[in-house]
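Two complexes, one shared chain (subunit A), two partners (subunit B, subunit C).
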Partner chain A sequence: MKEAEELKITQTITGDKQKIAILNLHGYLDSNTSPLLKERFLSLDSQTHCFVLDFSDVEYVSSAGWGVILGRIKDYRDKGGDIVFVRMNREVASVYELLELNKVMKHFITIQEAVHYFSGEHK
Partner chain B sequence: MKKIELALHEDFSTVTELRNVIAEICRRLEFDKQDIYHIKSAVDEAFINIIQHSYKNKTGDVKIELDADDKKVTIRIMDWGEPLDKTHLRRSSLSDIINEQKEHGLGLLMIERLMDKVKYVRRKKTNTLIMVKRRKEKLHERSRRT
Partner chain C sequence: MNKEEQFRAGFSLKTKFLIWLVIFILMVMIVIYIYFSHHERTILSQEIKLRGEALCINVVSSAEDFLVMKDDLSLAKLIYDTKAKNKGVIYCFVIDDNNTIWAHTDASLVNTTYRVPHELEELNTKPIMIQERRTPDGIEVFEIVMPITVGENKIGEAHVALSQQAIKDAVAQAGTGVAFVTAGIIVLGIIGILILVSFIIGSLGEVTKDIEAIGNGDLDRKIITSRTDEIGRITHAVKMMATKLKRAQEELIEKERMKKEMQIAKEIQQTLLPHSLPQIPEFKIATYYQSAREVGGDYYDFIEIDKEHFGVIIADVAGKGVAGSLVMTMVRSIMRIEALKNPSPHRLITLLNSILCRDIPEGLFITLFYTVFDLREYRITYCSAGHNPAYFFNPQEKKLLTLKPAGPPLGINLFDEREFAARLHEETRIFNRGEILLLYTDGVTEAMNRSKERFGRERLQNFIEGNGSLTPETFKKRLKAAIETFTRKEKQSDDITFVILQRM
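Presenting the complex of A and B:
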C-alpha cells in the first residue's frame, strides 16, 4: 500500500508589467489536498491574477481539484487574469477533455508558451 | 467472471487507499492505464459523494462489488445513508460552475463522462450506484475478425 498521496506546490513569480505566478504542483490534487491549492490562490491574490499551473508532476486530479480551479477563473478573468495549464500527463488530460474543460481553459505544451499568452503575444 | 467485494467503514482518509486498491484490481483485470485511471476516478467521486451527501460527512458503511468479464467491469457501490437528492442529478454545466464560482457539482458529471453506463437505485433503504466500464477492444482481436 502506498503512503498518503500528498500535494506539494512550489511557486515562481515572473513578468515585468504583468506579474505571473507559475505554480508547480507535485502529487495528487483531490478532496484531501485541494484546500492547499485554494489557500495558495488566496495568498497570491494581492500579487497577481495570472496563473500558470504546471501539471507535469500531477498524478491525479479529482472533481474537488478541478472545482477549486474552476471556482477561481471568473474572478481572475474579471480582473484581466486567467488560469492556464502546462504539461498534463495523458490520463489527467483525458479527463480534462472528457469534461470539455479544453473548451473553456487553455493548455500549453511549455511554460514559455503559457507566459507568452499572458504577456499578450498570443492573447 | 471474477467477482470482488470490498467492505468499508471509514471517512475521507480512506479514499486514497480505496483508489489504490481499485487501481490494483483493475491492473490485475488487465484494463489499460487510461481505463484504470477513469475507473478509480469514478469510484473516488462516488465514494466522496456518499460521505458528503449520503452520510453528511460522518462515517458509515460502504460496500463495493466488482464483477468483471472479458468485455466489461460492473461496479456496484452501496450505502445505507440518505437517499440521493434528486436535485444533485440535475447536472451543472461548466459555464454555470464558472459563472457562479461554484467549487462543487462536477462529481456526477465526471462519473457519467468516465464510465460507459451509470444507474442509481434506491431500494429498501439501500442506495446503489451501478457503473459499467467496457474494455477497449484489443487490436489483435479486432484484426482477427476482419
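Presenting the complex of A and C:
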C-alpha cells in the first residue's frame, strides 16, 4: 500500500497595492493532500486573488492536484487575479505540458518574475 | 435482579459515611471516658487518702494525752468533732493496746473489744496503713489506721474511715459530661457529614449521571463543572472522554461514508465499462482495466457510429468518488448519443466540453482520447483532450509513432467554445495491416514501485517495440505482467487501463 505522502505549504504575502500570495509547496500534491491547498486558497480569499505557486519542492502533482488549481483559477481571473507557477521540476512540468496547461497558465523561472507579472499587469 | 440494579443495591455512600462516623466518634469518646475516669479516680483517691492521713495524724496527736490520762470524755469529744467537722468521715474510733474501744462515733461500741475485720490487715509495726473496705452498711471507705505511741511504746490505735462516695460522684459526673459531649459531637458530625457529603456526593452524583448518560450513547450531553478538585478532574476527564468518543465515532461514520461512497462509485464505474468487446471486421481488440485501491476515474468505451465507422474512447476523470463517477456517466451518455450525429472527433469533443463545462463540479476535469475508425478507408481520425499520447506501431518497419494532437483537458472552464475548438487539434492517418494502436491512461506510466520509481513512457515505448507484433490478447497479458513485475504487485493509487487494437 502506498504510504500517505505529505504536503507542507508555507506562505508569504508581498506587494504594496496589489497583495500577492507566494505559496511554497513541499512534497506531493495528490488526492490526499490537495484539500490542504484548496483550504489555503479559500483562507486567503479575502486578502488576495493573486497566487504564485512555488513548485521547486513539489515532487509530484496528481490530477486531483491539478483539479484544485484549475478549480480556483477561473474565479481568480474573473476577479482580476491569477495563479502562476514558479520552478516546476521536469516530471511535474511534463504532466503540466501533457495536460496543455502551459497553454492556459503561466510559468516563471524566478519568483521575482512572477511577482513582476502581477505588479506589471496591475499598474 | 439484573446487573444494573445490582450496582444500585446496598448502602449509599452517604449512609456508609454516617455509620463509620458514628462508630468512630463512639470509639474515641469511650477511650476518652476511660482515660479521664481513671485519671479522676486516681487523683481523687489520692486526695481523699491525704486528707484522711491528715485527719488521722490530728486524732493521734490529740488522743495520745487523753489515752495516757484515760480521759474517755475528751476522747469521745475528739472523735465526735472529727466526724462533725470533716465531710466524708464515716466513722472514727480510738482503741488501746488491748483492742478495747475507748471512743467511737457509734457510741454503742464504746468499751467493746475491736476485732479486725477479716478483709483488713493488722497494723502491727507499720507507721500508717490505708486500706479500702466496704462497711457492713455497704459504704466503700478508705480506712486509715495510725498507732498512738508514747516514746517508742505503742499504746493504742486511731482509726478514721473516709467515704469514697466523692470519687463515685466525680466519675459519674465526668461520665455524664462525656456522654453529653459525645451526643453533641455525633449530632454535629452527622450534620457536618450530611452537608459535606451532599456537597461532594452531589457532584459525584452529577458525574455519575453524566457517565451513565454517555454509557447509554448520549455523547452530546453537556458536562459542566467549575470544581478544581478530584471531582472536577473526574468530571473533566469524563467530558474529554465523551468528546474523544464522539470524535472517534464521527471519524468512523465518515470513514464508513467514504467507504460506501467509494463502493457506489466503483459499482457505477463497473456498469459503465463495456461488458463485451465489439466485433469489428479485420480488427482484433483487447482491453485491460485494473481498479486502484481507491476507485479512480478511468473509463473506456466503443461506439458503433454506423456500419462503416466506430469510435473508441479512453478517458480519465480527475477526481475520485461519486462525483467523478457521475461525471463519467455524463461523458458516456453524451458521447453515445452525440457520436451518432457528429462523426468528426473535433466537433464531438468540442460539444462534449461545452456541455461538461456547464455542470462539472469545481476541481474536476477530464482527459480523453477519442479515435474514429473509418472501415472503408482504414483511416483513423483522433483528438486528444489533454490525454497521454497514444502509440501507433508498425512491426514490419519497427516504427513507433506517438499520437499527440494538441488539445486542453475537458471541463476546465477557462475558454469559450470557439477558443476551445481552436485549441483542439484533429489528426488523421491510415491504419495498415499488422499495425497496432495502444490507448492508455496515466495509470500505466505512473505505476509506481516501492522505491517510488515510475513505469514511465520510455519503458512503455520499449515494451511496444519489443512486443508490437503479438496479438492484442497476448500483448495485453505481457504488458500486464511487465507492469506487475515492475511494481512487484505494489497497490496502485490510480486505475490502470489500456486498449489495444490491431488490424489483421
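Some notes on this structure:
FYI, the second predicted complex is superposed on the first by the 116 of 123 C-alpha atoms of A that agree within 3 Å, B and C clash if a C-alpha of one lies under 4 Å from a C-alpha of the other, contacts with A are read in each partner's own complex, and residues count from 1 in each chain.
One rule holds for everything that comes next: a residue touches a chain if its C-beta (ideal position, glycine included) is under 8 Å from a C-beta of that chain, and two chains touch if they have at least 3 such contacts.
None of the values given here were measured: they were computed from a predicted structure.
Considered on the superposed subunit A, subunit B and subunit C are sterically incompatible, since they clash. Residue contacts after overlaying the shared chain place A:R90 against subunit B, while subunit C stays out of touching range. In the superposition on chain A, A:T12 contacts neither subunit B nor subunit C. Of the two partner chains, subunit B and subunit C are each touched by A:L99. Using the contact criterion defined above for the overlaid structures, shared-chain residue A:L70 touches subunit B and also reaches subunit C.
Of the two partners subunit B and subunit C, it is B that touches the larger number of subunit A residues. Of 4-12, 112-120, 364-372 or 418-426, the subunit C stretch that intrudes into subunit B once chain A is superposed is 364-372 (criterion: clashing C-alpha atoms).
When the two complexes are superposed on chain A, the residues of subunit A that touch both subunit B and subunit C are 1-2, 30-31, 38, 62-64, 66-68, 70-74, 95, 98-101, 103-104. Subunit B makes touch with subunit A in their complex at residues 12-13, 15-17, 19-20, 33-34, 37-38, 41, 44-45, 48, 94-95, 97-99, 101-107, 109-110, 113-114.
Residues 293-294, 316, 318-320, 362-365, 367, 386-389, 406-409, 412-415, 423, 442, 448, 490-494 of subunit C are the ones touching subunit A in the complex.
Subunit A meets subunit B in the complex at residues 1-2, 4-5, 28, 30-32, 38, 60, 62-64, 66-68, 70-75, 90-91, 94-95, 98-101, 103-104. Of all the residues in subunit A, the ones that touch subunit C in their complex are 1-2, 30-31, 34, 38, 62-64, 66-68, 70-74, 77, 95, 98-101, 103-104.
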